[in-house]
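Each of the next two complexes has chain A plus one other chain: chain B in the first, chain C in the second.
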Partner chain A sequence: MHAENEKNSKIIEFAALGLMVPIITFGIYVIAHGHLTPGGGFQGGAIMATAFALLFVSLGKKAIESIKGEVLVALECIALIGFIGIAFLGMGNTFFFNFLANSGVLFGEKVPFGPNSGIFSSAGVIPLMNFFVGLEVCCGLTLIFFLIFKGAD
Partner chain B sequence: MIEFFSTNGIALLIAVPLLSAFLTPLFEKINRFLRNLYIIFSVIVTVTIGFFVSYTIFVSGTLVYTLGATEPGLTMPSGLRVPVRIVLVADAFSAFMILSSSIIFFVSTIYSFGSIRKGFGKYFSLFFIMAASVFGILCTGDLFNLFVFIEILSISSTGLIAFRKEKPLSLISAYNYLIVSAVASLMILFGIGILYGQYGMLNIAAVSRAIKFSFVDVFAMVLLIAGLAMKCGSVPMHFWVPDAYGRAPSAVTAFLVVSSQASLYALFRVSFMLFAGFSLIQLVALAIITFGLLSMFIGVTMALVQKDIKRLMAYHAVSQTGYMLLGVGVGLFSINTTFYSHGLLAMEGGIFHIINHALYKGLLFLTAGAIIYATKERDLNKIGGIARKMPFTTIFFIIGAAAIAGLPPTNGFASKFLIYESVFVFNPLLSIIAVIVSMLTLISFVKIFCSAFLGPEREELKNIKEVPKPMLVAMSLLALCIISFGLFPDSVLKAIIEPAAKALLSQGAYLEAVF
Partner chain C sequence: MKQLKLVFFSIFAFFFVFAMLMLRPFGSPQRTSMDHYIIENSQKEAACNNVVSAVVFDYRGFDTLGESTVLFAAVSGVFLLFRRK
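And then the complex of A and B:
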């Protein structure tokens, strides 16, 4: 796919690097507002992974060589352990118990009764779990792209 | 502490292997010794929880666990008419299945320590995910959750079947398995979707209370039963079994037997809990009996002509699944009829056959794995006279073969005899077919025994040795279980089989336990 003598134009490389910033920001936005708006961990993670796909397409070998598969695997494992770990933390009551909701600490603001006006700091452990799911999906999809591009070379 | 484990046991049974699956790769980065230690530790913890949970259920009745509620038993917070949270329910039938899966999980882990040489960390990650999904299927009380666990099971099994990826045939088998499971899962999902569209609920107990058996519901029932029968490898959809069982590493094959039984569990759970009140349930029972008879006969006749040792045993697995379907199908037929007591006996036979099959089929696959490990050969025409070099494997093989053929001092005899006796009252012809299939099974195992173990020593197999110790320990554990179940079938029947059969038949008690 990327032969030795093939050279990508500087314009494409620069534009891809520039586009990565808004794409990742949008992905983080979708993950962070998962408990308020449509979207969530999986969707946001997939959006973030497209940034890396763009990187692989535009930079080719350079990008593939700079990323290590093992790091992605480790990050993926850490994200999944984080997800299950939060579920374990609720074990005082039950597995997956939302112990942060309405507690006033992290994402624990009390939500008034009735339609939610969009209080960001609500929903307890759900945003945290969304974050871990997002990290997992981003790493997983990036790993798949990485292996496909690596195999093609 | 004991209090904590008896209330939270079912959640931990799924959570601990799932956590271990993702911790194992991290431990592998640190150190190999630490990784092995962690694997052993977490397997022992999982199996202990499994035994403890099933003990608790047999002693004190059905366990219910609501995920994410303030209290485990709170399935319906005030103001709700149906349970909206994911509820885990484990009655005596689940407890029985958890017991049998825990034994096989433990044994195949020990065996893997001897037989798997490379990619150990990855192997165990997938293996733990597979264990978590099997326990999940056995514990869940929620239809969509059931689908999710079945899907996780399919994906992790595919990874494990393709584990020896340097061999092209294992990749093809894994691909076949993936396609068949994807089709089956879609059918299951479609069936669940129809039920959800009708009643807006996913909890099995809640749907069971609300179900009206309209035409669309019957459509959903057919989809669910067909999909689950496909996943458990009964005959019209059995073609993935010989490929998948034959090509997976042997320890995985032993656990794949348990995982198809988990699908069988789901099939029984759905037909007994959701659709038991259906006016044409006897038609469903007849369909299950027909599946069973076809599986028995086609499985064994296909096995007779095989030359590949594991493929042969895989066809026998299809044939033995037929016995379970036959026994439990007759039980389903007899609900609300005059020969209820015989139906109960047939169900006990079918259910007893589930654990017996897991034990002896597991043992036989492990011995086949040992033969392949030692000789590097799987064609029966090229193996011969290995009894001299591998005495222990030979003994274990004899025990397993006697059990699958239903010879007296083993557990296979106990359950097969129960099935013959009770099915005879239902229809003598079915019993006769079952006995003939059993004889054909014996013939084909005598064939393996003569060609592989007896006979003159072969020139090219002069330097083979007995397999490593972990593999022998694993096989001896299973052989011990087979003999002890065969010697004391009465106490096993009283302690675990009877409660399991009764739990499956008493739909009311299950509904009462949830809400």
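And then the complex of A and C:
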């Protein structure tokens, strides 16, 4: 691959940047509604990582140079530490105890038994864990793409 | 060698057909107490409408911790493989 001879067309660059917005929005939606609808942290993080893969494929060297790998590493480590930290916060009962569920504070509303009532502010620590896992998966997969694209030229 | 392959294949096919004949009828799994417990109690205990999410992040949270650690290890391996000196 010769980076000097590469010249992407403006159409591809513009379409990729335009497509990134709905893809990332959909990924955030899947992560945020992980406790209500099918999906969750892993799936939403993978969807968001595909947006960055599209960015690397379409923009090439420009995208590689504009993203710093250290930021991705730091975000991934913060997400994993946050996930384990939330698990440790429930240590009053057990590891991974859902201490926020039914507490009435943050995401602490009760849900009635039966069909999905769609209460967003429910499920205790599950939305927070979804957020951290989604951040970790997104940053991890983006880091893999980033390193492979960087090593390829 | 060809006979050996045939013998292994027939043993595998025998067990496969045997297992197919032993299948339980559709819709009646053998043990359902755990399924019923999770379906009936996840909305009360975990306050979560999505039962799969309740299992993955609450009842079996340790499994999710292992999964994210595996992903972290994979990323670390790629990082080591593609590092610049």
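We adopt the following convention: the second predicted complex is superposed on the first by the 152 of 153 C-alpha atoms of A that agree within 3 Å, B and C clash if a C-alpha of one lies under 4 Å from a C-alpha of the other, contacts with A are read in each partner's own complex, and residues count from 1 in each chain.
By our rule, a residue touches a chain if its C-beta (ideal position, glycine included) is under 8 Å from a C-beta of that chain, and two chains touch if they have at least 3 such contacts.
Since the model is a prediction, treat every value here as computed from it, not as a measurement.
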item: A:88 touches, of chain B and chain C: first, second, both or neither?; value: first
item: Chain B versus chain C as contact partner of A:98, first or second or both or neither; value: both
item: Which of chain B and chain C A:80 touches, first, second, both or neither; value: both
item: Partner chain(s) touched by A:36 [first = chain B, second = chain C, both, neither]; value: second
item: Chain A residues touched - chain C or chain B, whichever exceeds; value: C
item: First, second, both or neither for A:140, with chain B first and chain C second; value: second
item: Chain B and chain C footprints on chain A, overlapping residues; value: 73, 80, 84, 87, 95-96, 98
item: Chain C - residues contacting chain A, complex; value: 40, 43-50, 52-54, 56-58, 61-62, 64-65, 67-69, 71-72, 74-75, 78-79, 81-82
item: Chain A residues within the chain C interface of the complex; value: 34-38, 40, 42, 73, 76, 80, 83-84, 87, 95-96, 98, 101-102, 108-114, 116-119, 122-126, 129-130, 133, 136-137, 140, 143-144, 147-148, 150-151
item: Footprint of chain A on chain B - complex, ascending; value: 8, 11-12, 15, 18-19, 22-23, 25-26, 29, 65-72
item: Residues of chain A that touch chain B when the two form their complex; value: 70, 73-74, 77-78, 80-81, 84-85, 87-88, 90-91, 93-98
